[in-house]
Amino acid sequence: MDGKTAPQMRHFNPYSDNGGTILAIAGQDFAVIAGDTRQTVGYEIQTRYAPKVFRLNDKAVLAVNGFAADGNMFVKKVKQKLEMYRHAHAKDMPLRAIARLIQTMLYAQRFFPYYVYNILGGIEEDGSGAVYSFDPVGSYERESCRAAGAAQSLVQPFLDNQIYFKNQQPIPGGPPHPVHLPLSRVIALVTDSFTSATERHIEVGDELEMFIVLSRSHPQQSLDPRLNATEVSTTASGEKVFVIRRPLKRD
Amino acid sequence: MDHFPTNWGRPRNDLNDAYNTYPLHQRPYNGPKDTFADGVQRTQQPIVTGTSVLAIKYKDGVMMAADTLASYGSLARFKDIQRLHPVGSHTVLGAGGDMSDFQYIQTSLDTLLIEEEITQNDGHSLGPSEIHEYLKFLMYGRRSKFDPLWNSIIVGGVKDGRSFLGYVDLLGVTYEAKTLATGYGAYIAQPLLRDAVEEREGQENSITEEEARKILETSMRVLFYRDARSLNKYQVATITAAGISISESQHLSTEWSFAEGIRGYGAQTQ
Amino acid sequence: MVRGQSFDENTYDSDNTVFSPQGRLHQVEYALEAVKQGSAAVGLRSKTHAILLTLKRSTGELSSYQQKMFRIDDHIGIAIAGLTSDARVLSNFMRRQALAERMVFNRPIPVNRSVSAIADKAQVNTQEYGRRPYGVGFLVIGQDSTGPHLYEFSPSGSSLEYVAMSIGARSQSAKTYLEKHFEKFESSAYDDPISVSILKQFAPVGSLEQLIEHGLHALRETLQQDKELTIHNTSIGIVGPAGSHEVGVDGLGSFRILEEETVDPYIQALPPKEAPAGTNAPAAAAPPAPAGDEDVQMAE
């Protein structure tokens, strides 16, 4: 091929990194799914309020992080699939089915991926709290906790230590490490994770948005009023979904 | 010397040209090379470009400003181009980036509005948030075809008593905020706009029309001083419940006498 | 001999694209008959609410009741009379249109445009060779930025807005009732749940409860002599703010379907039928409703 007919080198990158961090932790009969609301590109704060965590139905909450345009479009498409499922089956899609749906949708774009890290949290059909985490092309697994996004490398080691008790020895002769933490402890860990990430990462901050899904088997069906939570679930008989918003540092 | 700022390198390698100052001709590319680059056909680059658009929410609605320059690389090619475009009776678009792509967007939105408001004629009209959603759909669709509409667009408006201010760009990235600025303005003017709004935290809606106009004028002046692809002639659009008004182009008063003493600005070379 | 007069008029009914000499499309009219075979559906609209009421059929003790009402989106619901299978095709189309409107403009689809979309689809079947009209009629309720609405869609491709309407078997009796009473609810606005709870015992003028009561009255007119409205054969669809008997309705007053025990308070509140001594509105000569597990029996 002679030089004249060779394709011209131009560059259009269809992706950008819009910062922020998301985090989800599963309890025995609840799940907490959280994210900050800052959206950035490079050093620029585009907005201080762009939600990254979305209620899908009364038992599933999805957090998306990465390229914001892909994230928003992906959530929109998941919601539309769930709506079609509701039309066809007259019930909400169960959590593990949503997880598989998300894998299929992500892998369908294997060769032009949604540049998005997804974390799905909620309540399984057996009433247990669950977290599923995904990579951009659909590999997924069920876990107890997961952080993703800009401050993943700050938050995940902290969670390994505080949730999985990595590098911690139980007190000799004392009780073993608990398998599941209580809700109040989890809320405190999530809040601290984000204040710490805000402190050390420029792309994290502005506001914390935390969704809490309570299983029907959870002993309390409401949250401590001091948490100032807003209920966003739609039915009185199903799982309960709450949102808690907290300011983070804006610098 | 290389006159193209995109070639100078910045603290971060921004993924697209936030200054909207891509030049006309081929430039050397210094970034990482894709192994398969020769086999891939990419799309385009902007040719005739507009620079920043600024917008702010105030008491009665939304105010937006953009200068009237369309540059051809570093050449100030067209000096009376309107970059604020009304869509229906509730919305104004302000665009930076490629002007021919913007004109295509104007045409397709005008066609859409004829279908929506003339053909249907059923009392349902598109407000600023619907226009913003549509543009997001359009821009994201085009970037996904690797054929982007090379613009950064601000959508502002008022409908049913609610004011709306949103951004969408060539990647389909969107966000909303009380103050917005595209291109160079995102770096230079946005801090000034945020400052003006945040000093009234909790009572943003108390900014009067005169104050909003003042804030925008100050910001446009700073931009003109610092952005080499800007012009001291600009237009202001106000969108309120009463409707849309886009001003005639107005001149910025500027003060350059201080430059006399600055080395590099005046006649002296050393 | 003039051709056309020598034949029965029905010579012109084998192809729906051919007009009869009287300017009629017989196949289309037969499709309208299919709608009349289905059990009745009633729709009413006030300034704040739009509601649907349907009568469900079942073949007998062993079978369930046929679904007559479908949700299209948060703000739109339909009631059908006619071929359920045709209704599924059209309701799926409406659902896809509603999703597309949310995808592109992020807004609920305007109700009139949703109905016009299926009317346009139905019209094609009355004009193109080799097609058959849909054998189903809809009552569509919905709310959008211009308030609550009630539309009728019919296989002829028409869509018209109503204050109150009824379709299906013996719907003329319901229409007669509605024509007599529509002024009592058409312009009533009632959006005050607090005082509703105070006055729980009796339905205040203009309330959702009163609108439903009118609807049940109209629906009852379509019943055969020996039948009664029960919680098993009656469904109520609502858009608009929650009524005093409702729990768990969202702030937007999204479309919801009341069935079984949730319709009980409304049926309980309905005064018993007047003595059957000819006081009932004389039912127009509608064909007796055939029993069947479909809304309409396609063939015996």
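The first chain written gets the first letter, and so on, giving A, B and C; residue counts start at 1 in each chain.
The criterion applied here is as follows: a residue touches a chain if its C-beta (ideal position, glycine included) is under 8 Å from a C-beta of that chain, and two chains touch if they have at least 3 such contacts.
This structure is a prediction, so every number in the text was calculated from the model and none was measured.
Here the chain at the heart of the structure, going by C-alpha means, is A. Top contact pair of chains, counted by C-beta pairs, is A-B. Centroid analysis (C-alpha atoms only) places C farthest from chain B. With centres set at the average Cα position, the gap from chain A to chain C is 43 Å.
With centres defined as mean CA coordinates, chain C is found 50 Å away from chain B. Averaging Cα coordinates per chain places chain A and chain B 32 Å apart. Touching of two or more other chains is recorded for residues 103 of chain C.
Taken together, the chain A residues at the contact with chain B in this complex read 6-18, 39, 41-44, 46-50, 67-69, 72-73, 112.
If you check the complex, the residues on chain B that touch chain C are 120, 122-124, 126, 129-130, 133-134, 137, 160. In the complex of the two chains, the chain C residues touching chain B come out as 103-107, 110, 112-113, 144-146.
Those residues of chain B that touch chain A in the shared complex are 11-12, 14-16, 18, 26, 29, 31, 37-45, 136, 140, 143-144, 146, 148, 167, 171-177, 186-187, 190. Residues 71, 92, 95, 99, 102-103, 247-248, 250 of chain C are the ones touching chain A in the complex.
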